[in-house]
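What follows is a set of structures for review.
Two complexes, one shared chain (subunit A), two partners (subunit B, subunit C).
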Partner chain A sequence: MKTNFKNIKEKIIETILMLSSAATSITVVLIVFFLFIEGSGVFSKKPIEDGFLLAVHSTNPINKLEPEQVKDIFDQKITNWKQLGGKDQPIVLFRTEDITNFYTDEELGANFEHFPAKINEYVTKTPGVIAFFSDKYKVSNFTGKELDIDKVKFFEFLSGEEWYPTAHPIAQMGVKALIFGTLWVSFGAILIALPIGLAAAIYLSEIANKKTRNILKPLIELLSGIPSVVYGFFGLVIIVPLIQKVFGLPVGETGLAGSIVLAIMALPTIITISEDAMRNTPRAMKEASLALGASKWQTIYKVVIPYSASGITAAAILGIGRAIGETMAVLMVTGNAAVMPSTLLAPLRTIPATIAAELGEAANGGLHYQALFALGCILFLITFCINMIVELVTNKKAHKKH
Partner chain B sequence: MTKTDRLAKQKSRNQKVAFALFQFTSYIVVGVLFAILAFIIFKGIGVISWEFITEMPKEGMTKGGIFPAIVGTLCLVIGSMLFAFPVGVLAAIYMNEYVKDGIIKKIIKQMTNNLAGVPSIVFGLFGMALFVNKLEFGDSLLAGSLTLGLLVLPVVIRTTEESLKAVDDTFRQASLGLGATKWQTTSKVVFPIAFPNIITGLILSIGRVSGETAPILFTVAAYFLPKLPTSIFDQAMALPYHLYVISTSGTNIEASREMAYGTALILIIIVLISNLLANSLRKYFGKKVKMN
Partner chain C sequence: MTKKGLFLMLPLMAMLSCGKEKNDSQSTENASAETSVTIKGSDTVLPLAQKEAEELMKADKNVSVTVVGGGTGVGLTALFDGTTDIAMASRDLKTEEKLKFSEAKQEIESVTIAFDALAVIVHPDNKVSQLTREQLEGIYTGKITNWKEVGGEDAKIVAYSRESSSGTYEFFKEEVMDKKNYASNILSMPATGAIVQAVGQTKGAIGYVGLAYETKEVKQLAVSYDQGKVYVAPSIASAKDKTYPISRPLFYFYNKANAAKVKPVVDYALSANGQKNVSEIGYIPLN
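On to the complex of A and B.
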């Protein structure tokens, strides 16, 4: 009887333990679920603000417009309907606030009660019009024609270069500039951090004596403990003004500032991992090389480095992964201009920084909100792939050893 | 001079140059660390006073102290640890003591590694979608703590697993041999031996949690809230977010620069002390376990 009870207790405990260890797996699944549910919502929506509509004159042959075309119309890059395949007729823009140019306050009524009727009147009498207004101002017998707008398309989301998610009348949601911005600063960071990190790793693993290493290594690891917001702050007050002065720029908040800050942040990862890899080089191999008359330096670059190549690769990839996901420091020093990066000396914007900067203002469940979740999905996928590659690279090595 | 001599000389010269360069680079890296620390200590030390850490911020965060941010960070640390520590430790016990090598262990390991690699802003998004919106906790200490807890879960699991691995198998065999059950062995023999090392994981996570900003942006952090949270459903200020706000988007960035230095210093002190403490504890107990 007692043993039975004991068995049950053991089973219960084991179940609790199992559930705990499933927690991380469940979390990963939940993260994927929530990110993709929210993020995919963006592709079922029109890039026009909720509750707003675009209307043209009822005789206008155009029924449907691409988001890009609407933007060009309101930017006045397209000024004639002929350019869109309609009649040869100049386009007349109409926004709600324009109404006072055409009607007096009396005509609109003291509380704008005639407002919807006047919009209808104006649209009806202006053949070239394209009107953008809230659908609460749409009268029930509206005589204009409502335009159909394409939903956000997946491919255009990825390839579009303009990110104006809150633009009126139509949101521009191209994430290409953000993806490139992210990769641009991350690779910049690795270009700086990798040579420095490798040199330091070689020194720590092969050259420095034990005492020096025991002092230097913990110090370098301390670098990774400094919160990223502190790095961002340091970058903001030291590196940004420095870059501005050295290169004579109008603003110092640039991709380069981001790369430098990220490089400092990636150094501990790169150094620790590649140092470990180098120290795993079998002693016999090094001794054989030295015995053949090679110098210590030759042994390092002909034996140790090739042997630890996979570890060094893993360190570099992991460093890139960290840099790609880093948010606060980048947000604080890169200037956050959502343009295609052409030089490291210009402001740019990364995916994490965009999410951090804009999510607070995006209406819950709205188009902008979902677009930011879609960005989160992209970020998650990129870092997920990077982690998988690292896993593969390091596992391959473990197999080789046995 | 023969050809061999010349070659040998060249070889040793190359080596000297290369080694000097490597040494120089390593010192540069450490130099950067000291530059950052020295800069913040130097600029921040004058700001820190008893008033600074015990008063509410005043005049649009340009004067006064950072008391609510310190309390908020403390609450977040405690909240996230209450969640992450038990779950993480139990998970590690299961992984190390119960599961045999196989597909399940592999999957869980893989997922833990993946979770460790998820960028912190994605945790923020997730926390917002699940805790704030779906479960309707709102921007609250509870949502923030859970988000941060998930973030450090892999750290806790990993350090605990290492501590358990360090326990010699003879202890387990002796206990099982005396007729103890698996759980009795784990809870009465293995766990107490590993406990000091497990604590280092906890301290390490505390350092990590207190410095994270991105996950709390949309789950708990308040821009300016000159009062203390009274329940787990309240918003709160936190040190890292406060530093971000007053250095980039405060009402008067120039006037609050002093406070920013002070906040950065307090934050660094908290984080570095926990890291150093964890490191020295690990070293101390590492030696002790080996001696046994």
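On to the complex of A and C.
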């Protein structure tokens, strides 16, 4: 009876443990699933606001415009149809709210009931017009010509360099500059953090005495406990003006500032993991090296570092992982200009900063919202690849041991 | 490992927050609050609405007010969906929004609760002290890139703007840039405070901030909206008499069907005490 009871107790505990791990895995899978469902939605949509249309005069020979051309028209960079291969005719812009410039409130009716007819009338009498309005206000016998607009294409989404998700009337969804910005800042960070982190790890594991180590290690680990907004503010007030002065730049918010802040944030990860790897070097190997007459430096250089190489690689890659996903600090110091980065000494914009800055206003389920989720998918894929590499590297290490 | 830990903690946190919610509702029941009003929207209006909500709740125990930010667009969407009683806005309704409300047969009442002026700021060492609207448009659309083109030194212009989720960003685009898009190399900052900080330490910088953020580290420009005939410097006085062109009213919007419920909040905002708060927060009172 007693053993039976014990068995049941064990069974219950087992079930609880199993359920909690199952719940965890299911949650993770559901989140990833949700991310990709939302993100892929962007490719089934037209970059124009839902239910809106672009129309031109019926005699206009142009049937189709690229998103970029539409933006340039409404930014008044293109002002004549001739520039787009049409007639020599100045372009007249018309947005829904412009209607009040041409018609009085009485003409439109108290509840805007004459709105559709007036839009039609205006489009019909203006040969150079390009009109942007909701298709609810399109009369059934509309005399203008609706422009054809392509859905957002996967390839254009990845290769486009213009990121104007809120541009009217057609959003520009090019994430290339953001992807490159993210990668540039992260790799810049790792270039700075790796040598410093390695040096610190070697010192802590091989050179420092126990007392120094016991003081230094908790201090370094404390670095990872500082909230990232504090790093961001530190970067904005100290690092940004410093970079501006040292390099004589017109502006200090640069990729380099982001890299430095991220490097500081990635240091604890790199130091802790690579130090652990170095301390795992078997004592026998080090003693054998010393017994053969190698100096302390030679032992570190020829035995400890090669032995812990996979651990160091894992540390570097996890450091990159930390850097790639970091949001707030980067948002504050990189300037967030969505241009293709050509140097670390210019402002750039990263994917996490974009998501953090724009998700607040993006309407739930809208194109902008889904585009931000698609950005999240890209970020997920990047970090997923990085984690796979870590997995491979650490597996290799396990083989080596046997 | 940390991820797992987080997910294990989630249900716990949910439970805790549930418990807290219960306590909250109990305490409000105890205080026998008769009406509870939700206000949501513009981050510009947020500090003002918060302050007024606190004082109103102190003065009138029967009213409980919850204030949430998120941006003008967020507030108006919530008002449309009926998830908030009052929407704070730093701009008037767009034609499309008016149409959306009138289609849904919702009658919306707008109340102007204060005014705000948008000041254009530069580094204090900058020789330029005035710009026309056209020049500002040129700078922010990327046509003008050097200060010597607008009468300053030969130095590159570094233009700062807010993020696209900001109502101020939208307002500047509509009113100053003639609805054109910002150039892609404009630097965008997550908060108004960050713009002041950046402009104060960058020589060729230009930015725009609400009048409440004025400090000694930056210089304010006079602006002309009539091709350079009259330049007006931003100040509380010039915004009040509407000679300063880039000023904007701040609004409360509410559904007319809901008027009785929101009346205490709106009345307080327009009262002498409410308007005193407006100046304390740094905006311009109605009269």
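Quick note on the criterion: the second predicted complex is superposed on the first by the 316 of 402 C-alpha atoms of A that agree within 3 Å, B and C clash if a C-alpha of one lies under 4 Å from a C-alpha of the other, contacts with A are read in each partner's own complex, and residues count from 1 in each chain.
To be clear about the criterion, contacts are C-beta pairs under 8 Å (C-beta built on N, C-alpha and C of every residue); 3 or more make two chains touch, one makes a residue touch a chain.
This structure is a prediction, so every number in the text was calculated from the model and none was measured.
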{"item": "Which of subunit B and subunit C A:Thr24 touches, first, second, both or neither", "value": "both"}
{"item": "First (subunit B), second (subunit C), both or neither touched by A:Glu38", "value": "first"}
{"item": "First (subunit B), second (subunit C), both or neither touched by A:Glu162", "value": "second"}
{"item": "In the superposition, subunit B vs subunit C on subunit A residues touched", "value": "B"}
{"item": "Partner chain(s) touched by A:Leu236 [first = subunit B, second = subunit C, both, neither]", "value": "both"}
{"item": "Contacts of A:Glu253 with subunit B and subunit C, given as first, second, both or neither", "value": "second"}
{"item": "Partner chain in contact with A:Met332 - subunit B first, subunit C second, else both or neither", "value": "both"}
{"item": "Partner chain in contact with A:Asp105 - subunit B first, subunit C second, else both or neither", "value": "neither"}
{"item": "Partner chain in contact with A:Leu223 - subunit B first, subunit C second, else both or neither", "value": "first"}
{"item": "Subunit B/subunit C common contact set on subunit A", "value": "20, 23-24, 27-28, 236-237, 331-332, 356, 359-360"}
{"item": "Subunit B residues within the subunit A interface of the complex", "value": "11-12, 14-15, 18-19, 21-23, 25-26, 28-30, 32-33, 36, 39-40, 86-88, 90-95, 98-99, 107-108, 110-115, 117-126, 128-130, 133-134, 150, 153-154, 157, 181-183, 207, 210-214, 217-218, 240-241, 243-244, 247-248, 257, 260, 264, 267-268, 271-272, 275-276, 279"}
{"item": "Interface residues, subunit C side, partner subunit A - complex", "value": "3-4, 7-8, 10, 70-71, 73-74, 77, 94-96, 99, 102-103, 141, 155-156, 158, 163-166, 179-181, 184-190, 194, 197-198, 201-205"}
{"item": "Sites on subunit A touched by subunit B in the complex", "value": "6, 9-10, 13-14, 16-18, 20-25, 27-28, 30-31, 34-35, 37-38, 196-197, 199-200, 202-204, 207-208, 216, 218-223, 225-234, 236-238, 264, 267, 271, 295-298, 300, 321, 324-328, 331-332, 352, 355-356, 359-360, 364, 372-373, 376, 379-380, 383-384, 386-387, 391"}
{"item": "List of subunit A residues in touch with subunit C within their complex", "value": "20, 23-24, 27-28, 71, 74-76, 95-97, 99-100, 111-112, 115, 134, 136, 162-168, 177, 236-237, 240-241, 244, 250-253, 331-332, 335-339, 347, 356-363"}
